[in-house]
Structure formats: C-alpha cells, structure tokens
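Encoded as structure tokens, here's the structure I'll be asking about.
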Amino acid sequence: MDTKDSHDLQRLFDLRALEDALYREARLLDGEQLTEWLEQTTEDVVYRMALTSRRFRKDRSAPLPVGHGYIFNDTRGRLALRIKRLQSGYVWAEDPPNFVRRLVGNVEIVPTEIPDEMTVYSVITIHRSRIDSQTRTFIAGREDLWRKVEGRWLLAKRDITLDHSTIPDTNMNVFF
Amino acid sequence: MDTKDSHDLQRLFDLRALEDALYREARLLDGEQLTEWLEQTTEDVVYRMALTSRRFRKDRSAPLPVGHGYIFNDTRGRLALRIKRLQSGYVWAEDPPNFVRRLVGNVEIVPTEIPDEMTVYSVITIHRSRIDSQTRTFIAGREDLWRKVEGRWLLAKRDITLDHSTIPDTNMNVFF
Amino acid sequence: MDTKDSHDLQRLFDLRALEDALYREARLLDGEQLTEWLEQTTEDVVYRMALTSRRFRKDRSAPLPVGHGYIFNDTRGRLALRIKRLQSGYVWAEDPPNFVRRLVGNVEIVPTEIPDEMTVYSVITIHRSRIDSQTRTFIAGREDLWRKVEGRWLLAKRDITLDHSTIPDTNMNVFF
Amino acid sequence: MDTATLFDFRTGRQSRRIYSADEIYQLELERIYGRCWLFLAHDSQIPTAGDYIRTFMGEDEVLVVRQKDRSVRAFLNTCTHRGNRLCRADRGNARAFTCNYHGWSFTADGELAGVPLEKEAYFNEIDRSKHGLVPVAQVQIYNGLIFGNFDADAPSLSDYLGDAKWYLDVWLDAMPGGTSLAGETQKIDFPTNWKFPVENVCGDGYHLGWAHHAAMQAVQTMDLAGLRAGNSDASGLDMGMSVAGLNGHMVLAALDGQSGYAFYPDPKPFVNYLEANRATVSERLGPVRAQKLWGSQLNITIFPNLQLLPGLNWFRVYHPKGPAKVEQWTWAMVENDMPEDIKSMILENQCLTFGPAGLFDNDDGDNLTACTEQSRGWRTAQMDLYTHMALGHSAPREGFPGDIATGLVSEHNQRYFYRRWQELTSAASWKDVASYNLNSLTEKG
Amino acid sequence: MDTATLFDFRTGRQSRRIYSADEIYQLELERIYGRCWLFLAHDSQIPTAGDYIRTFMGEDEVLVVRQKDRSVRAFLNTCTHRGNRLCRADRGNARAFTCNYHGWSFTADGELAGVPLEKEAYFNEIDRSKHGLVPVAQVQIYNGLIFGNFDADAPSLSDYLGDAKWYLDVWLDAMPGGTSLAGETQKIDFPTNWKFPVENVCGDGYHLGWAHHAAMQAVQTMDLAGLRAGNSDASGLDMGMSVAGLNGHMVLAALDGQSGYAFYPDPKPFVNYLEANRATVSERLGPVRAQKLWGSQLNITIFPNLQLLPGLNWFRVYHPKGPAKVEQWTWAMVENDMPEDIKSMILENQCLTFGPAGLFDNDDGDNLTACTEQSRGWRTAQMDLYTHMALGHSAPREGFPGDIATGLVSEHNQRYFYRRWQELTSAASWKDVASYNLNSLTEKG
Amino acid sequence: MDTATLFDFRTGRQSRRIYSADEIYQLELERIYGRCWLFLAHDSQIPTAGDYIRTFMGEDEVLVVRQKDRSVRAFLNTCTHRGNRLCRADRGNARAFTCNYHGWSFTADGELAGVPLEKEAYFNEIDRSKHGLVPVAQVQIYNGLIFGNFDADAPSLSDYLGDAKWYLDVWLDAMPGGTSLAGETQKIDFPTNWKFPVENVCGDGYHLGWAHHAAMQAVQTMDLAGLRAGNSDASGLDMGMSVAGLNGHMVLAALDGQSGYAFYPDPKPFVNYLEANRATVSERLGPVRAQKLWGSQLNITIFPNLQLLPGLNWFRVYHPKGPAKVEQWTWAMVENDMPEDIKSMILENQCLTFGPAGLFDNDDGDNLTACTEQSRGWRTAQMDLYTHMALGHSAPREGFPGDIATGLVSEHNQRYFYRRWQELTSAASWKDVASYNLNSLTEKG
C-alpha cells in the first residue's frame, strides 16, 4: 500500500472516527445523557448560535453597535449550567419528556494547521414530538472544531447556524 | 499495515457493508420491492414497534398487567402476511401509489459476542406525499441486529422507536 | 493486503470521494456559490426533474403525445442561465435571502461499464426558511452519473424524482 | 339552527353538510358531547388509588382519577388558578396533582390542597373550597366501564344504556373475572368527521367484503356467516343480525358462538376456551346469549363515540377535534379469566388487524378521510346521501331486544344512529329527548 | 352581503377586503364558481373513450370523462353511496369507476352500474337510476376546450365567451390541425387569493419590465413592442393593445405577428414556421388576425380563472382553496401542425420560463403571496386600492372587438375583470347579469 | 358584543372565553390594537436617517423609518398600488423603498416618488400625492421609545403613559447618556393568547419561585427581597411593591437598589457601576427613585403589549397572530453610559436567561401555551377564573404614584390589566374611556 493510499486510509479512519463521535453525540443527547455528552467536549469548548435577521443583500445600514447577539453563546461552564437546570427535575416543560430525535448528515472534515485538530461540517435536524399530535422540527448547519486528546476526539468549538428567522417552538431545551 | 490498522479497516468494511444494506433496504422499500426486502431478513427475524405514552419521569404507577402492546410485532410470517395484502392489488389506499421516500442516517455498529452478528443503530424519516398537496412525515429510531449469513448481512431483529405519541397519518402501509 | 481487500478499499475510497462531492455540492448550493457548483459539473451535464402524476397502477391510458414534460430539463448552458438570473441581483424573492439547508443521505454507488464513470444514488431534503415563521421542505430522490476527469469527480447527469405531486412552495429558486 | 331537515329517518336521506358545516359541529359539541355519557376509562386502567388517565370529553381535556374509596372521579384537566393544563402525562399514579405554573396542588378528589404563599400572598383569605378542580357533572360505572357526563340533568347511565346492557354484558359480564383493556393507548391523528368511523363500525358490514378484501384474504382462517353474506352466498336467520332502536346504541352480531375468532391464525385455542367455559356463561347470562352471542363476532356501539368488538377484541373511542378531524384511541381487550397464552395471542392479533398498522384499519383510513374531504365542496355539500339499504326489512326477533335486521350487511343500524343524532341535536334539553328500547324483553316478560 | 361598495368601475377604487374576507370568498364560490363556465380539460388530454381527468370546479372535485360517442361528461368525483372520493388518480383511462369503500361501480356515463349484494342486501329495491353520479349541470366544448357549469340556467358557452371567441380562435383555430396541451400538469400549492394571479396575467404588462427584469434579461432575444413600452420608449398603435369589455374576458395583444417568440433562445425556427403558414391562417381567420395577432404575444383570459398565452405557449387554470390559497395548474400548449422540433423547443422553454421552476413564475410567486398576506391586517383591510391606470383612455378600434386601450401596459383589463367580478357577486341569478360585447364586429358588419 | 360580563374588577372573576373566542379577539384588534399606543422601535435601532425597521401593530405590518429631520414616521408596509408587501427585510437603511412588483418607489417620508412609465402608462394623470404610503395616524416618542397609534383621536402619548412615565424614567432617564436596545431581534413563534405572557410579566411574581425554581437555582447569585418572599420568608414594606391604577400600565418593583442584578454570575461590577453613578441619578430623578428603584429589579408594563425589565435588562413586545398565537420579540437593553464590559455581560446574560434559549423563558413557554389550549374546550370555556390574590390589600404609598400592593407576589397588577382590557373593549371610542392615575404625586404636590 503506497503512501498516498495509506494517507487516504488515515483520512477514512479520521472521518469515520468523527462520524462516530457525531452520531454518538446525537444518541447521547436524544437519550438525555447530557453529562456524558459534556464529557465529549474540551474544557475550553465554545458553543454558539448567533442571532440573525433577514437583510437585503445590499443593505447599507451600520453594524449593530454591540454586535448581533446570540441564542447560545456558551462556555463549558454555561453548558453545565443549562444541564444543571435540565437535570434539576424542575424543568416542567421536559416532564413528561418529549420524544426528540436528531438526524445528522453531510459530514465533512477539513484538517487544520494543528495536526490533532479537525474542522468538521455537518447538518442536523432535530424532530420533537410534543404533547398530543404536535411536532416541531429544527434545522441547522454546524461548523465544528474537534480536537484529539489522548486518542479521543472532543468537541472544542461549535458554530451553529439556525435556519429559522422565527423560532418554531416554545422552548429550546435542546442542544444542537 | 499493522494489526490495529487492519482491524480498523475490517471495521470500515463492516460498517460500509451494513450501510449498504440499510440504504438498499430503503431503496427496495421505496420501490415497493417488498419480496426482495423480505429476502434480506433472517427466517427468525423479529420486527417490532412498541406502543408508548408520555409519562412523568417520577411516575409511580405499576407496569401494565399485560405489557405495553405494539404497533408492529411481527415474525417473518406476519411480515409476509402484510406483504401479501399489499401485493394483493386490493389495497386501494396504495393505488395510485403514494410517493414515499426514506432517509436513513446516524448509522452506528456495535459488535456482539457472536462474531457474525452486529448491533446497528440508525435513524429513519419516511416522507409520504399523498393526494394533492398532502404530505406526512414519520420519524423513528431503530436498533437492529444484523447477522452475516454466507457473506451476506441479513436483518435478524429490529426494534423501532416511533417518535410520535399520536400517529400522524391515516394508515401505516409502510415498513420502517 | 489481498486483492479482494485492496479492491474493497478502492471502493471505499471511491465512495467517500463521491460522498465528499455530494456534501460539498450541498454546501456550495446552500451558500449560493452557484458558479463553483457549476464548475463541478461536466460540459455535457444533463440536469432533469420530470413532471409526473398520480396514476393507477393498471392505468391503460396512452402515453402523452409529446412526453411528460419537465420541471427542470437543463443543459449546462441553461443552468448557467438560471444562475445568471439568480446572480443578477433582481430576483426579489431571494432578497433578503432565504435560509436554505440541504440534507443529503442514502449515498450508494454502482460502477458502470466505463471505468471512470459511476452511477450514484442519493436522497435529498431541502429546508427553506422564509419570511417570518414560514418553512417549506422539498424531498427528492436522485440518480446521478458522475465522471472522473483529471482525478476529479464531476456531475455528468442528474435525474431528480421530486416526491411531491404538488409543489409545496411559491418558487423553486433552488437546485437539487 | 334546525337539524330536522338534515336527516329523514323514513327514507334514509341525509344532507352532506352534517360532515362539513362548522355550525353543525359546534351544535354537536353542545348537544351531543355536552350531554351524552362519554367513555372515560376502564376500571382495569386505573386499578389502584391514585391511578389516573388524561383523556377527552369532546374537545375538553379531562383527568380521570381512582379515589381512595375505590370510586372514580373526573375533572377538567385545568388548574383553577390561571387555567394551565394541570397534568401533562397521559397516565400514571399520583397522590396529588401540582400545577407547573404556580404550584397549586390538588388532591385526587379534586380539592385544592396546597396554595403556595397562602398566608403571605393570599393573606389566608382564599376560600380553597371554592377553587377545587371542576368536576365532570356525573361519573358512573357499568361493569368496569367508566363514563362521564357534563350534563347534571342527564338520565342515569343505566337508563342511558337501556337494553344495550343486555348485549354489553355478553362481553362485560360473561365470565366471573370480568374484562380488561390491555396495552398502551393506540392514538391516531385522523382527518375524518367523527360520524364516519362510527357508522363504519356500528352497522357497515357492507364494506368488509370489498374494502377489506385484501386483509381478509390475508388473515381469515374461519368462515363467518355474516361475512360470507358479504361475499354473496348466505341467507337465513343464522347469518347474523343488525340490532338497533336502543337509544341510539347498536349491535352487529354473528350468531354462531365462535366466529369472533375467525381472523386469528389459529382459532383452536380460542374455540377450546369457549367450549370449556360456555356452561359457566350460560349460568350467568342464560342459554341464548351463551350459545348464540358469546364468542360470536360482535360490533357494539354505545352512542355517540364508543365501540367495542368482542372477538376481534378491540375497544375504541373517537375524540372529535373539529368538523374534519378525530383523535382515535384504540386498545386490545381481554377477559381476565383467559389463560395468558390467549391473552397474548389477542394482543398480537389486535395490532396485526386493527392497530395503527392494522391490516383492516389501514384499509379504512383513506376512505373515511376522503368521505370527509369530499363533503366540503360548495356544490357537493348540497348533495343528499341515502342510508336506505334494507329499509323496512327490520322486525322484532324472539328473545333479542331491539329492532332487528337480518344479517351483518345493511344500513339499518346507521339509520338509527343518525336518527339519534338528530333527536339530540334538535332538542333543547334532555326533557325533549325520547328514550326508547324497542321490543324490550322486560316488557314481554 | 352587498358587493356594490367594494369596487367602483368609474374610479377603479376597490376595497382590500375582497382579498381576505371569508364571507366574500364564500360568495365567490356560490356566485362565480357556482355559476360561470369553468375550464375542465382540453380535448387532447382525453382523446380516447374512457380517458378521464380528475380536476376541480371551485373547491368541488370533478371527474371529466370521454364518452364512447366522443362526447364529454363531467361528474362530482364522489360516490353517491356514502360520499367517498370515487377516483383517486389524476388521470387515466377506465371502462368504469369502482368505489374503494363498498364497491359500487359507475360507468363512464355516470350510471350506477354495479351494486354489490344488490339482491342479498338491497333486496333489489334500490332504484339505481336515482343514484348515478351527480353530473355537472352543463358541459360544452369550444374548439377543443372543455368547460363545465354548475348552473343549469347559465347562458350557452358560446354566448358566455361572446366576442372573446374572435381572439381565442387566433390560437385555437388558426391552423387546421388544432391545438394540444403537452406534458403532465404542473401543480403548485400557492398561498394567494385567486384574483391576484388572474389580474397579473390578464392585463398587467406593467410588472414585466420590473418584476421580471432579471428573467427577461436572461432570456429575451427579440424586441417586443409592448414590452419596450414597458422599458419606456414606445408609442403609437403598433405597440400592442389591451382588450376588454367582453363579458369579463380580456386579451393583451402585441401586433407584430412574431413577438410571441421573443423569449426563445433561438426564435428563427418559429419565425420560419410562422411565415410558412401565415397564408393558411389568413384564409382561415382573415388578414387582420393572421398578420397582426397570429404569432404575436397574446395573453387571453377567460373569466374567471383560465388564462392562455400563445407565444409563450402556456395554459393555466387556478383552483381556489380558500381566501388565501390556490392550486395553480399549468401546461405547455402547441399547435398540432407544428414540426416536432418546434414542439419540443416549446416544452423546453415553457418549463424554463413559466413552470414551477420557471424564471418568470419564480418572480411572481412571492409578490402575489405578499399581496394576499398584506390584505389581512385589521387596518390594512380598510384600505382602498386603485386600479386606475389609463382610466378613460380606451376606445373602439377599427377591426377589433372590445373596448381597447393602447399598449400592453395599463389597468384597463383589470378594471373590467373587477367589474365582472362585481356584476356576478351582486347578482341573485344569471337573469340579473348583463351580457356585453363592446364594439362587436358583427354589429358593424 | 358586550364584554362587561367577561371580567369583574371587584371580585377578579373572569371568563375563559376571552382567551379563545375569535369574536373577542377581533374586538381586541379593533378596540385595543386599533386604538392604543403600540411600541414600534427604540431610537437606538434606527439612529441614522434612512434606517428602518419592519414590525407589526396588531396583525398589521408596519415600516418605521427615521426621517432626514431626525423625526420618525411609520407606514403600513404595503404598496399603495396593488398592495404588495413593500419592504421584505427586517431592518436596514434605505433612501427609498421600491416595490418588487411594479417598481413604485416611496421616499422615507412615505411619498410616492417614482412611478415607472408615469407618462407612457398613466398619461401623467396619476395624482401621486393621493397614493403615498398609508401613515400610522400618530407617531410619538418618549425618551427614546417610539410609539404608533392607528387612532387619530387617541390622547397624546404623554397623557396615555400618565404617571407610568415616573417609573419608566428610572430606566429611560436615569443616566444622561440614555438607553439602547442591543443585538438582533429575538423572535419566537409562540402559540399563546397575547394576554397570558403580558399578565405573566406585569404582576405575576407568584410563579417565579415555582416555575423558575430550576433556573433561579442555576443562576441566582444575590438575594432579592421580593423573590425571597416567593420563597416564603419576607415581610414588610422593604420587600417590593406591585404598582397599578395607571391607565392600565403596571410596575413590579423591588426597592433595594441593586437586586436587578441578582441573576448575574458576578454582580460586583454592576454594583460598582450603580454606586459610582447613584449620585448622578439622584440629581436627575431625586433620592426616592435613585435609592429605591434605580438598580432594583423592575418589571414595567405599558398597556397593552410592551414590557421592559431593568436589571434583567430585557425589552419585549408581543405581536398577536390570532386568538391562540403571538410572535414574541425580545431584545437586550443597556444604558449607554455603561462601560463596555458591563454591556457585554448584559448581552451574554440576557440570552442565557430570557432569550429564545433562555433558562427562564423556556420555563414559561409551555405553561402559557397550555393555558391557551385549555381555554378552548366547549365546557372549559364556560369556566370562570379568579384573579383575586391580595384583593383589597392595596393602598397609596407616600412618594410613589399608583395604587400599590406590597411585595412582588400578588394579582393586584393583573386585575388592573384586565380592568383596562375591559374598559377599552367595551368602549365605542376614546371619549368613553376613562383616564386615571391614582394617587398622583402632582395632585399631592
């Protein structure tokens, strides 16, 4: 097996390792194993979903003085806060639990300068089945940075582009 | 190529072989090649979709005396019955045929004790386009057991978790 | 590594190369990099979405005198036309831009006679978030022909089966 | 509005507007669902004190709760403070219900037991006795079936059921152990007017041979006289009967004492069970019901929206959600004296035949949806339909209550269903609603 | 309700409520869709006996069937037994239609031919002649276009079309071979009030230069006088005309005899075809129509919801689905005498320009949706809009029927569209509806 | 219809129909949203001439535009030609607005500036001055808050706000630099009746300790007297107050001068900021507001649908979309004099607590949705609810305008909210609507 092949093979290994990580993530989150999910992130993880608005392409208006703002703009500590709340047993909206199912796809990886860091693109849809016949679907694109620590891939950064200008549900007790 | 690599490689081969099987399944079912689909199952296949209910996390009520019941709880013989009906030419609801499209993702495999048996997790959405502008979507998670028989992967067991507490369509003439 | 393995390995490489191409396509289109997308097609690309109708399975009616007609039936030149319009800056419906997200899955490849040409099956859903809280979803199956030119896979033919008998949106300013 | 012109019992003529007009639907909510006895739950679903189920009466959400004294109460599932949904679970067991919004808590008997900050915020001036859960006006139980009624002036459940009880007991009271509903509730979001599925099951043996041809071909293992008729070659009184004229309740009945199990892969264990216990049943219900009805395929309909099918062993209620939508709830049902293997065969078979993925239900779904959609058009809604099959061919039958048409295939029962529908929708109150049990045995005896 | 105040023909003032109020929409279903001649199908779509198409008249679903005697009949697509949708296919060929529910079957002429168990269940007492399919009151054909009418008292199709026929024939009757619709139906679920797309095409040349700027830039290959006007530098009578005053029907017409093909990548083959056949057309229609109209861009609107565009060669009908929704159906259309290569160029171009992904349609979709959404607000619905462009600038024109405004850019046609809309919505019956064909040639000649 | 019976201020009794009946909702659109001053935008959102925002007044879409002369105008966001949505962007800056459909363009002051083909198509006969954008009848600004009113006869914004201004200024006018809204608009599609979220924030301190238990546990870092009360151990006048009786406007106020920052991970920088500037504020607003209110947690509600919470620093408006739906818009808000680090801490914290994924909002969403859903049932809609907590326990308080109840936990404010709701819905015009500012300081002083 020549070098190119072995290089390609390594890429296949990396790709699948990261797909495994993303699918495992989705399964952990669907199953509300939030702590296990958090353990799959780095200490310095940055988790963000920016606010946006429908603007004309040629819009001339000045940038917002204090930035566009976020829906999620979390550190590991803030994620832990959210999880603490979700696991407190007082989040009525999640009891009874909704049926939540994530479908992750379009996984692409791009190496970075740093050997053990990989940029990962993916798309996620989150289906929520609520009380009676109510169903909601979120769709978003994700640009991640994953870092290999002791042979294990951890999420170091996630920028989520939510594809809704109006949130289609009454809460966002879900991680993307 | 060292042992670890060749082991990893074997895993890639298995993974893709099972992805191939799942995608082929979806294509066969979308194309109503039900017999061909059934041939991709083992004689002792178990095909189940359990009923469920939204319950409080801390609910104290006793388990149901005779179990939770099922939407599907089929053996190969019962699957054959369903197929017999669907192919009888008398299932008016399927003539004209609806446009049905399955999207399968989040494929993960976990080896079992038995060398030729593999646990496979996946997520499936089934889109149905009905008369005029009516569309319906089912979403479900699946935990499968696949068995390798004469070099060919066959479905031996499928537990389907339907993510709807209320069925969003007037029939379920579809396999998941 | 024996021949079978190396043959299987080559298939894995091809598969992933084509998955990469499909995911890149989706990302380019979501990002409106239409020119870059077009460059990933061959000069003689055929891009088609046929019209259809719900017909009885046993329907006896004669084929339509001048064929079934198309929603898309484009050459590279016609695709360029569409792109020219979309990039003209006068397509009001796309300004402000809608949020569009493609999810591609069920990727399968089948070799053809020609060594450097591959048949590729896939499924695509296109989510569009429109003004305020309006969302629309298209679902379609695709049968592609991809051709390897100077080591790069290019789209040579795409037959799109749209799974809606009634278009669920007010425009189709999107490529599948 | 006047519903007198919308249905004519003598000719079976009916207006299609009853399936589409919103004003008619609103009238139904008031005069049928606001006034009739509606099925809430089966005793077996809430055996223990504190067990509860969340269900609907018409479009109103209600909570049905087993009390410490074994009685059952039902309440609007809404907090009396700011009106939040009180309980968000489908079923469970609880000592009390605490509202998510401000934490008011109510005991199983509906009393307002806890008010946070009662002293600090309410200055102990709130009269808790005035803010208990809103009870359903009447709750009564008949042989394990719990019913509720929003109308305090409604007749008793027993009078409401009338001679339908004689038939109901063939399922509910045949065996000493009584009956149960088995498994979780099977819920379907179903875009049909509620009257279509009811008429489909209450009397429409006519569609079996056609709409269900494929399903029957696939699973029928035993002859069923009434259905053979559906396949064109039966005759005579043995072929089953359509029973109505019982306060709007109806029964379809085969009379062979075993055909209920005609759709099971292997009927033998059932037949053995039947024969082993027929004597017992005879002691309890007498020979006629023991021989002719117990084990036969029965379709029993309790007006307006409850249906149970001994034999196929499913039990169903339709919750209206608008003129063109119902939420359909189905369960498997068993006799508690049945051996476990038979119980599980019933569960298995019910989901194969009449569950959300049931071979039979999947034939009906699209038809009933289309009947509803096709009643909407401006011109189509002006059409009349005729429910007149076998009109004038009914008669009393020795030993059986009700006005009876021969065979399982007729529109005899449907006519009585729509007659009751009209009597109720046109009446200002129960005082104006006639009660009738035609050819009552008691009269005779 | 009175619609007199909702539109004023003299000033073009109209209330926005006509695009949002449900009561007005219901009135439209009754007095426009329940009373006007509605397009059902083109002869070419159902050539053979037994060929059928499933379509809509207003919100009513109808089945259009070619009879053995070559005539065409139309029926409500609903079974007369329990009201099920009878045929679930969009189109096809059938000897008979059998209902899925109980198997009643109807022959192509609508007769109830088969009733399962007619003897056993109906005791042969059903009078089948009373339960045939409900026919559409009138079905008439004009040069290949099949129309239906729910109102038995409506004027004949010929009188209804009036002098619009003179213009229709430029497409339908120019060539001996007649015309066809090509390809499957292109259906779009479109959240707009039905009147917006109609007015957009019936007279609104005004939006072409703006809304379709991008599309035209992309595909226009030939000058089109009327549109040049749209780009501000034309004048004179040669620049096309807006024709109305014909019982609510309207025409937009360029007059250069070839501009219909201005939007084709290569117009040459079309121009050749036109010149090669203009003599023939002249014999058939006379010089005026042959020289000025045949081959020119024409927008023809038949009130209320049919539009065809010779040149761009598409044919469209709008099915209302509520005050804020239509299902829009489009086809490509060809002259049967056209050589195959031209036919396929037309098909190719039609889907590029005016199909679901058509460059032009995708410009209009959001505008018409927004016009509808913006008519809903409490305050906005109180607004008046003015359809008054070129008010008072119309006149008779020698040799052409109708009241004519110069150029393709005006609101002349729209005014007449809303005038007809008001005449019909305010009339109790056809007796109260005026018929007018202004400046009729026949009068003169 | 008469709304007098739907709410009784003396007892707090209210009918649940006000949350579900469409006729009541239509009345609200006319008499509340068609008549009250509605928040349009904050000065800081459209600083520059040409800056604009697309928003709603009731269900009507409006465009709010900064003029060259720094004034602000608002218009229905609909083209006066054929009624298209004029501007499709949420916000931006433009010299003029050009319609997509036919290219009419309007200047920032609403004048119709450009009509394509004005000469060729309109023959220069269109009076452009008659077709400008439809202005919102009145637009007035109070300390940076821009309001619009559809009713030309409405009282001035200043009279409408009345003594609520005294409280508003604690946020709007405390510091010389004024205030800003920060970040993009946070929009949620929220299936609740608009009155539920308003009452939840205007006075309902009662739900904090319960519904938000988890959130508070997660983020509270400082005591908050009023909320401690929510956890049952406070008393006395220091524990905050509920202020109403101000033309339907309401305030919840803690009185410790710092508790607004009780929910920040590290309150210290805020406390420093407060102490460093309290003197300045005292000069501007006097000691009472500087000591007791500035920095305290405040919930300010401007009738009908605007709420701002100094401290938690969010600002919110509810756009009704039907009886059971709102679109909820939220922003973070800052004082311009705050140092950058504090501003960004506010932004960070606001999205953590009260944004679409905010820890607190995610507690309320389902409750308010369920309160709405549970008001629909035929029987449930007949229920009365009681808003009577602390009824009769309010009194004037020295130095503070309004009728005041002690503590943050009561239904005092809600009662005044529904009282105003009823005064407006039952009044034919503003002439019939009382104006009241109870215990006004001005009266006293």
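Every chain is named by a letter (A, B, C, D, E and F) in the order it is written, and numbering of its residues begins at 1.
Just so we're on the same page, contacts are C-beta pairs under 8 Å (C-beta built on N, C-alpha and C of every residue); 3 or more make two chains touch, one makes a residue touch a chain.
Bear in mind that the values here come from a model prediction, so they are computed numbers and not experimental data.
> To get from subunit C to subunit F along touching chains, fewest steps?
1
> So which chains are sitting against subunit B and subunit E at once?
Touches both subunit B and subunit E: C, D.
> Starting from the Cα centroid of subunit B, hunt down the chain whose centroid lies farthest away.
F
> Using mean Cα positions as chain centres, tell me which chain lies farthest from subunit C.
Between subunit C and the rest, the longest centre separation is with D.
> Taking each chain's centre as the mean of its CA atoms, how far is subunit B from subunit C in angstrom?
So the centroids are 27 Å from each other.
> Centroid of subunit D to centroid of subunit E, CA atoms only: how many Å?
Taking the average C-alpha coordinate of subunit D and of subunit E, the gap between them is 49 Å.
> Quick check: what residues of subunit F touch more than one other chain, meaning two or more?
88-90, 100, 189, 211, 327, 366-367
> Multi-chain contacts in subunit C: which residues touch at least two other chains?
In subunit C, the residues touching two or more other chains are 1, 9, 12, 54-56, 89, 92, 95-96, 103, 105, 131-133, 165-166, 168.
> Which pairs of chains touch each other in this structure?
Touch list across chains, by label: A-B, A-C, A-D, A-F, B-C, B-D, B-E, C-E, C-F, D-E, D-F, E-F.
> Where on subunit E is subunit B touching in the complex?
Per the touch definition, subunit E meets subunit B at residues 85, 88-90, 100, 187, 189, 327.
> Help me check something: in the complex, which residues belonging to subunit F touch subunit E?
Listed in rising order, the residues of subunit F that touch subunit E are 26, 29-30, 33-34, 57-61, 76-78, 80-85, 88, 100-103, 116-117, 120-123, 125-126, 131, 134, 150.
> Under the touch definition given earlier, write down the residues of subunit C that touch subunit A in their complex.
1, 6, 9, 12-13, 16, 20, 23-24, 26-27, 30, 89, 95-97, 99-105, 127, 129, 131-133, 135
> Going by the contact rule set out above, which residues of subunit F touch subunit D in the complex?
Of all residues in subunit F, those touching subunit D are 16, 19, 196, 199, 204, 206-207, 209-211, 229-230, 232, 234-235, 366-367, 370-371, 373-380, 383, 385-386, 388-391, 393, 407, 409-410.
> Touching subunit F in the complex: which residues of subunit C?
Touching subunit F from subunit C are residues 92, 95-96, 131-133.
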